[in-house]
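Take a look at the structures below.
Below, chain A partners chain B and then partners chain C, in two separate complexes.
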Partner chain A sequence: MKKVSFMDMPDVPKGQLPEHLELQRTRVFCGSDAPTHSEGIQYSGAYASMGIDNSLRLDSFCKKFRVEVIQLTEDEIEFDMIGIDASLANAFRRILIAEVPTMAIEKVLMVNNTSVIADEVLAHRLGLIPLDVDPRSFEYFSGNDSPNERNTIVFKLDVSCKKGARITVKSDQLKWLPNGSELEMTTPNPSAKPKSYTLFTCSQASLPEFSDKPIGPKHQDIIISKLGPGQAIELEVHAIKGIGKTHAKWSPVATAWYRMLPEVVLLKEIEGKQAEELVQKCPVNVFQEIEDIGKGKKKAVVANPRACTLCRECIRGEGWEELVAVRRVKDHFIFRIESTGALPPEDLFTEAVKILEDKCDRLISELS
Partner chain B sequence: MRKLRRSGKIGEFVSIFVNEKQRCVYVASDGGRVCRPLVIADRGISRVKEHHMKELMDGVRTFDDFLREGLIEYLDVNEENNALISLYEGEADTDTTHIEIEPFTILGVCAGLIPYPHHNQSPRNTYQLSRMDTLLYLLVYPQRPLLTTKSIELVGFDKLGAGQNATVAVMSYSGYDIEDAIVMNKSSLDRGFGRCIVLKKYSVVTEPYDRIVKPQMISSKSGYVVDSKMQILDADGIAAPGEIIRSHDLFVNKHSPKIIRDQAKPGELRETPTPVTYKGPEGETTVVDRVVLSTDVNNRLCIKFLVRHVRRPELGDKFSSRHGQKGVCGTIVQQEDFPFSERGICPDLIMNPHGYPSRMTIGKMIELLGGKAGVSSGRFHYGSAFGEPSGHADRVEAISETLVKHGFSYSGKDFIYSGITGYPLQAYIFMGPIYYQKLKHMVLDKMHARARGPRVTLTRQPTEGRSRDGGLRLGEMERDCLIAYGASMLIYERLMLSSDPYQVQVCRTCGLLGYYNYKLKTAVCSMCKNGDNVSTMKLPYACKLLFQELQSMNVVPRLKLTEA
Partner chain C sequence: MNAPDRQLHRDPNVLFAGYKLPHPLQYKILLRVQTTSQSSPMQAYNQAINDLDKELEILKNAFEKVITSQIYI
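Moving on, here comes the complex of A and B:
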């Protein structure tokens, strides 16, 4: 008998992986006990013994890569990112959370605070208020330069409560001071000229970016504090540019995350009573019953796999795992960004891409 | 007798206890016995009937009426031994004499705060109780527990919480979570999780002859300025509320009169400054919250300061859930490195699963499930003790159903992506909210290190204890280790050079300690009255002290020196 390599056997498809390996490479299997094959296979020679090249080619990536926006509102975006590795998708997510800059209140100059909230806590609360201002028109404030109109935004909060009343201080009471600080530094030397805390050369309101859109908090109804009769708060805050890595208040997103595209496959034909049960089982209506005309029986089909939240109800119970397979597609990401309001969510993503690009450039220039 | 009590003829707290063994009846009426009200049952049939309850609802009847009419009575510990008490009405049989009003009332206030205590190993509940009373500090953002009990509502704990509902992922992460340590999310801390206010009181008592003066001006390059330590003082010389106070700052700029025996020379200062300084954690900014001026019993002016310090959790701070599961913060990790679920939920803290098997705190797992069902359905779930049959606690089956209805797995385990690699984890992770409390053991109060510092006058050895900036003792057992290892130079350094080195003059003839005469610049032995055979050596001061103490007791220690 002539010796034949198994690769040359007629049932082995040429140039591509056998079916089960291809599935393991491209899908995460979500079993009822644990997910398997969740890692991506990066090594270019992983399937070399089968004569298959697993390396990533730029041209094939360019051909395959797609972005489809599913939903876009003022502060939320959902889009599909197809044909990319999880490491890259994750890089964008990480950059969005920690490295895209925004403006946030960093310094609080307390003039008077007789409210029940302690100064530090009040300052912390103020810091977390999202500001509606494009951070791209500002520079970072470094320790040795003085606060000026290019790196600092100044707000004033001056509220007091009359006798016999109770008021709630909300974020709309923060007044923008385009001309910089109105407070004067106390100098030990009384004869010296009083100095302001900021050195603005011109009013921020005269700058083209802000002339038509005044700066303020994104939401007007954030409760800062509550005042009882006779209590008052007077303070000035300085907002500067920063990134989420330093403090979460500078994070431009409430959260940004992705999930891999769900794929629900019926391994066997599910008919009749079983089909009904399956449709009943799923809380998010992934399955649907349809009339099979040929046999006159009801048949279950996967109607809306995207809705799957992976509750694993459909594979719960004896025997169901042989009928239904729940999988995730490893290179298809349903990306979701919830912006805090400084930048629209679609801009946030392009900013994140730019930051990753800068990082790559820096790496290349350092290496060469 | 019991009939008399039930009819209200004698006091309701009088206990009648029949001791069959001793063939006697004990009647106790003394105060301080713990008594519990129970519903009386005749042959297992409750005396409290439907119409009684209806009257109670309508407000016609009060608890005292029940007592007076002999429907309910108080039993003390002894009399409980004569009774057969059934938990629920349905469980009562013909021998039953009493029925519980409500099973969760078996537990008191503190134990009532634990959800599902009847699912925990009993020592865990006891640990939790001992932990409750140690809570001392104010939380900045307290929350009411997502999984409540009836007792919590009765006590009003839901109005004044002492913890926060943290989303907990039960998984291993980074290795900094072994031995019950927890990994915390930095962004959660940034947003106020676990932040607390520590208030401390300091008081200063001034004698009537003391004078509090306004801050002195000292001359510097830019003219006269207030001394840096006195910046927070008001014009009256007392620290002002709202000022940031750092360690070594002055509280009160106090001056006391000098004790002058002779007539003071004109122009000489009659007072010495005796300021009171603040000693707080170094490098931390604390704030003077309140200042109170009052007088004490001896009619002296007493100035009290309340110093406030807002702390965010740091490495080593102690946290605890309500099931006696304490743990210290092992590491703080950025949010982007934290795992996230399919819905974008990122846990606040990660707990190691090894905390479960040996502790057997099933109650905590049910709390997690119930809390998760609570947040997804928008209804507070209950976990009162022994409450499942009476509907005061949600059953796990019902909770699981709610979870499934909202698209979660019935087991509470989620599909999680790693925040570091971006790939899904190879296990489903048990994740959900658990009520966590911050305990008062904080690193900042315990951290201590010393290089050089104060010494005890008697032995000239470093002082002991954190409050005195003391050294860390190399004790006997540590010394044994060094001896066994043969690290003689290290022993020499630790026990002598770094402790209390002292130079002594030892007479080679008599073996006693001499002294160094600085006038003659020679060493002299006071025993031999000459300095011929005196050599200089180093000795721990404590050793020299011992010799002298022995000498004072007529014991002569002699040192025999050999050439080294």
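Moving on, here comes the complex of A and C:
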């Protein structure tokens, strides 16, 4: 018999990878015991022995890349990114959580606190309140410069509880002070003019960014503390710009996460009793039974693979792994961003991309 | 760091690319790149970063286009 190279066999497509290799390259296989082929194949010469070039260039990225928005609300976005690598998707996720800046309360000047909640605990609680202000209109506050209208936002909280009453202090009682701090520094020299904690040259309310939208907490009903009869809190807080890496209070997202698109394939026709069993097996209703008109029998189809949580319940038990394949598409990411309110979620993502671009630019300029 | 590493692997002239973090608390990364004689590690790295930058630009534009079309439906 004449020897034939496997590449010339009739069932191997010309110039392409054989079917099983292509599947291993583009899918993660979720077997009943463990996922396999989970690594991304990036190396340009991975299939060089078969004469197939695996090197990827910019033009092929342009051709393949696609975005689809699934859901967009005021503070949530879910979108599909198709044609990117896990390393890039993860870079975006990490930047969103730790490197996109927001404004948060950093300094608390305590004048009076007779409530049951200790000063430091109260200060920490105040720090975590999300502020409804665009951080792009502010600068970072560094140790050397004085707090001014471009880097600091000042609020005051002044509440007291009458005898015989009990009150709940909520975030809407934080009053924005557009003219800066109202407190005065104590100086050793009593004759000197007392200095304020901030040096505002003009009122923030007169700045065009804030004139029609006053600064305040995003949610008005966050409980700060509870006061008993005769208790009082008087304090002033200074909010500055920062990133989630320093402290989680600056993180602009409640959560940002992604998952790969699940793919469920029926390897054989599943009919009758077995179809019914399969539909019952899945806790998230990926499968559906439909009437097969030709045969007069019921047959199972994959109706909603996106809902699949990869619990692998469908391939549990003898013989099921030969009937159903559960896979994930390696370059299809379902991204979900939940904003804390400072920026709309779609802006958060573009900010994250900009930060990564900045990093690239910095690297380029530092290398050359 | 994974992103530039992946970008380097895509370059047919790169023979080896890898990075390591000698200590998790130190912000210092060692990157090793080995190339064929057609390229140089510096050239390959520069190109990888440039490509990544361009890729991000395209990605951002594509995303913004989809978002604006979403808002003005």
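Just so it is clear, the second predicted complex is superposed on the first by the 364 of 368 C-alpha atoms of A that agree within 3 Å, B and C clash if a C-alpha of one lies under 4 Å from a C-alpha of the other, contacts with A are read in each partner's own complex, and residues count from 1 in each chain.
One rule holds in what follows: a residue touches a chain if its C-beta (ideal position, glycine included) is under 8 Å from a C-beta of that chain, and two chains touch if they have at least 3 such contacts.
Since this is a predicted model, take the numbers as computed values, not measurements.
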**Request:** May I ask you to decide whether A:Thr201 touches chain B, chain C, both, or neither, giving the answer as first, second, both or neither?
**Result:** neither
**Request:** Answer with first, second, both or neither: which of chain B and chain C does A:Asn144 touch in the superposed model?
**Result:** neither
**Request:** Could you tell me if A:Ile84 is touching chain B, chain C, both of them or neither one (first, second, both, neither)?
**Result:** second
**Prompt:** Which holds for A:Cys311: it touches chain B only (first), chain C only (second), both, or neither?
**Reply:** first
**Message:** By the touch definition at the top of the document, which applies to A:Leu363: first (chain B), second (chain C), both, or neither?
**Reply:** second
**Item:** Contacts of A:Asp119 with chain B and chain C, given as first, second, both or neither
**Value:** first
**Fill in**
Between chain B and chain C, more residues of chain A are touched by B
**Request:** Using the touch definition from the top, say if A:Cys30 reaches chain B (first), chain C (second), both or neither.
**Result:** first
**Request:** Go through chain A and flag every residue that touches chain B in one model and chain C in the other.
**Result:** 40, 86-87, 90-91
**Item:** Residue numbers on chain C that touch chain A, as the complex places them
**Value:** 2-3, 5-6, 9-12, 14, 42, 45-46, 49-60, 62-64, 66-67, 70-71
**Partner chain A, residues of chain B touching it in the complex** = 140, 186-188, 190-192, 195, 197, 220, 222-226, 242, 287, 289, 308, 310, 334-336, 340, 342-344, 346, 403-410, 414-415, 417, 419-428
**Complete:** Per the touch rule above, chain A residues touching chain B in the complex are 28, 30, 33-36, 38-40, 86-87, 89-91, 93-94, 97-98, 110, 113, 118-121, 124, 128, 188-189, 191, 244-245, 247-249, 251, 255-260, 283-284, 309-313, 316, 328, 336, 338
**chain A residues within the chain C interface of the complex** = 40, 42-45, 53, 55-58, 61-62, 65-69, 72, 79, 81, 84-88, 90-91, 346, 349-350, 353-354, 356-357, 360-361, 363-364, 367-368
